[in-house]
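In what follows, structures are represented as structure tokens.
Paired with subunit B in one complex and with subunit C in the other, subunit A is shared by the two complexes that follow.
And then the complex of A and B:
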């Protein structure tokens, strides 16, 4: 059972990190970013190219993934989402734009990096073995990095000036504007930050699970699942959703093994019941 | 000012006319060169995007490489006419609905011979279209119903898992002392049907099957939770039924990191680079059905095909050792019976007696097989190469043949 819990905690940490960027963009702009998974994939391929192909240090590759995606996110916000939000009164316009962006990024990634699964050398070799738990050191490292990044992100949102401005935006866009918050600037920073998180987690996990051009869609769906559990637009909710999903997956795959592949069936059934009772998720309210 | 503008306009007009004339001359030259040969369109309907994209992409790239090569050397003579080959492709995204749309598209274009689809449900879905529109297709899918009468338009393009599986298990039982086997498959039709036939074959050989219902979602990225309970059963052999090339290294790595020291095998073709990048030395010893070629049995023509493929696409895929064959079988059968070029019934008649030298394997023969498995010749004969992965490359364990 200890192994199952360790697996769940590790999965939860990586899931939470994936969901953070998605929920941030939703909170700031009310945009369901369907391209979140594709941003993760792009981040993974940047790290693959720099660390796996050019053989530069992993940390540099990870920074490049973050910076590349931050730029992509900022450009997307400035030239696509901002324009559509300004011109369209219908909320689904941004959803359609996000879906189109996802397909576009899918095609770009396929063209640039090909169809194959790609992986990089392990960042740390070796496996921690005890009587009850077996955990490779690289997973332990990635789990710790994920938790440190989540903590850093929360501190940034809580205490930094841009963090406070973004929280204000998420609470009430018009009030924030009246209080002197530069809405456009912080929307762009928020979108870039969300995309950067997707890129970094993609880069981080390429060392464990590799990356291929077709995984963007499923990753987006899983991220939405976590956000729905925790409550859309709430950072704490995304983290809780990530850990809950990770733990449910790990426990379900062991406990329900005898009944076939019903783990996700059970998870979805529970989610439906849960959402009918708490449609806003666990912490479903804006920040503040 | 006015005359300057007129001058500029007439200069621009002259330049445009010149460019159009040059294009016309160039196009005329091209048309006159191509006018000598007729065009033979061969279709492809299969998956070239998503996690299983490597399967279809290796098909398309093999077909395009071979078609370019044929066209470059003057085309192929079928009967009294010489043809250039044009490959028409359709990505079905592993979706049966799109596969049907793809096959409909091929029919609309008047295409009689199609390679693909790559998976079971896609191949089953296109059957009514292929049969009603008179198309012969070469799926990489294993359901016997596609190849057993009354079905007659599908020709299996590779060795099926129920043909390779028993051979692999027998080899491992006799040579590596395997007694306990565990199966794991993705929760979708192809891997599940491959798992079921693998389980049956293992039981028939007297092996103890310790896990036969374990599955994983196709979009799984971390296989540690899935494999944890199976590893506790301590099998001698872990079979990754129908595993996609993208998932194989992840499964191998997760199993090894959980301390598994037994053998791991798959009956689907894999990619050496993907295994090396994803699992590194942890993939050493992994057994799979390789592409239908090894350095020992390869002809110079196969070597040239690989060179051309690498020049065109940058990186070779071991699966293309098998995927190169479908187009070759279509062309050689048409050469044997030119009437089949627009009459698939003629093609079917020829399949029963067709035989030609295998240009890709030493001492090999191109012929249709499948009598034992399907009761009729609805399978291309390709060498069944079982390989073991070692230090970034596949090494041949043994080479077999299907009758």
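And then the complex of A and C:
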């Protein structure tokens, strides 16, 4: 039992970090970023190249993943989403654009890094063993880094001036503008930040599960699941959704093992029932 | 003397329907000027034109003598014009404190910002009681005090108020009217006040413009307009 909880917490921390990035972009721009999983994959491959192939320290690789994705996110906002939002009032336009960028990134990653599953050497070896829990040290480290990042992000949003401006923008765009917030600049910062989070998780997890060019789509779908569970656009909801999905996956893989690979089948079925009762998720309000 | 704010023959359209047609108004330094008129007469459109939320099609808007039409809303705040928008628009999931800090978004000196917070809390003691409460959970009157305080946090030279009495309990309307007079007097801020409650607007202002379907129908000294037969008939509902 303790083992299942430990696995769930470790998974949940990663998932929460992915969901945070997605929900930030949604709250600020009302854009569902279908390319979130592809950003994760790109981050994974950056860390793979720098840590796995160039043999530079893992920390540097991780920073490079974050910076690369921040730049990609900023460029996508400035040249793609901003122009579409300016010209079109319909939400489908940005959804279509987001789907297109997902396919585009998929193709770019495939061209640059090929279709093979890639892994990197362990960042630290050894396994923590106690009576009831067995957890490799690298998973513990990755989990702790993820939780520290979540905390840092929350503190940044709550207490820094740019964080406050982004919250204001999410709650009332026009009022924020009247306070002197430059909407375009902060939309770009928010998009870059959300993409950066995806890239960092990709970099973190390449050290454990590896990465391949095909997992972007599934990761995006998981990220949507978490955001739907918690309530779109709410920070607390994204974190709750991440940990809930992590826990469900961990429990499912243990309990349902005897029945074959049906964990996600059960999770989707449960989500459909849940959403028909609470369509706005656990905390359906714009930002908290 | 050059007026603080000057509209010269301004036209503003929503799609193909005009909201303002040939409007010329002035606000001088230190004045409180009221814009009165029925719903849809164009009062709020004047404020939206000043803040840059709406583009004008014809005419000029000058502030301190230089043209400001076509300037983005976030630049207008930096020039010293603060807007209290219609329907209040607090940031509902932020505390009173964070709402006030958003008002000071264009400023950087932390000590001076804290002084401004103290000034706002002295002026609206209720906000002090609610300092850590989420703004969306407060009453309409309290939210109105918050948005006026929030606008003052930018240390404006010109304060634009859009329907501050709307949705506020009658008892609190008096309080808000008094604070508008006090702010104009103490903070040396000029005020442009848009109100459907014409009686209140004429009492707190020195001059007023009455608008009908996008044009200035009458203008003059507020006290005289309050006594004017035509104004009484058209804007004050007949009797006093």
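We adopt the following convention: the second predicted complex is superposed on the first by the 285 of 288 C-alpha atoms of A that agree within 3 Å, B and C clash if a C-alpha of one lies under 4 Å from a C-alpha of the other, contacts with A are read in each partner's own complex, and residues count from 1 in each chain.
Operating definition for what follows: contacts are C-beta pairs under 8 Å (C-beta built on N, C-alpha and C of every residue); 3 or more make two chains touch, one makes a residue touch a chain.
The shown structure was predicted, so the numbers you read here are calculated from the model rather than taken from an experiment.
Peer 1: When the two structures are superposed on subunit A, do subunit B and subunit C clash or fit side by side?
Peer 2: With subunit A aligned, subunit B clears subunit C, so fit.
Peer 1: Which partner does A:136 contact after superposing on A: first (subunit B), second (subunit C), both, neither?
Peer 2: After superposing on A, A:136 lies in contact with subunit B but is clear of subunit C.
Peer 1: More subunit A residues touched by subunit B or by subunit C?
Peer 2: B
Peer 1: One more residue to check, A:164. First (subunit B), second (subunit C), both or neither?
Peer 2: Touch status of A:164: second partner only.
Peer 1: Counting only touches as set out at the top, which of subunit B and subunit C does A:119 meet: first, second, both, neither?
Peer 2: Touch status of A:119: first partner only.
Peer 1: Between subunit B (first) and subunit C (second), which, if any, makes contact with A:182: first, second, both or neither?
Peer 2: The answer is second: A:182 touches subunit C but not subunit B.
Peer 1: Name the contact category of A:174: first (subunit B only), second (subunit C only), both, or neither.
Peer 2: second
Peer 1: Quick check: superposed on A, how many Å separate the nearest Cα atoms of subunit B and subunit C?
Peer 2: 37
Peer 1: Both subunit B and subunit C touch subunit A; at which residues?
Peer 2: Shared contact residues on subunit A: none.
Peer 1: Contact residues on subunit B for subunit A in the complex?
Peer 2: For this pair, the touching residues of subunit B are 48-54, 57, 187, 213-217, 219, 221-222, 224-226, 228-229, 245-247, 249-250, 257-259, 271, 273-274, 277-280, 315.
Peer 1: Where on subunit C is subunit A touching in the complex?
Peer 2: Counting only subunit C, the residues touching subunit A are 51, 53, 72-74, 77-78, 82-83, 85, 89-94, 98, 101-103, 105-106, 150, 154.
Peer 1: Taking the touch rule as given, give the residues of subunit A at its contact with subunit C in the complex, in rising order.
Peer 2: Going through subunit A, the ones touching subunit C are 161, 164-165, 167-168, 171-172, 174-183, 285-288.
Peer 1: Can you name the residues of subunit A that touch subunit B in the complex?
Peer 2: 3-4, 7-8, 10-11, 14, 52, 106, 110, 114-122, 127, 129, 134, 136, 139, 205, 208-210, 212-215, 218-219, 221-222, 249-250, 253-254, 257, 260-261, 264
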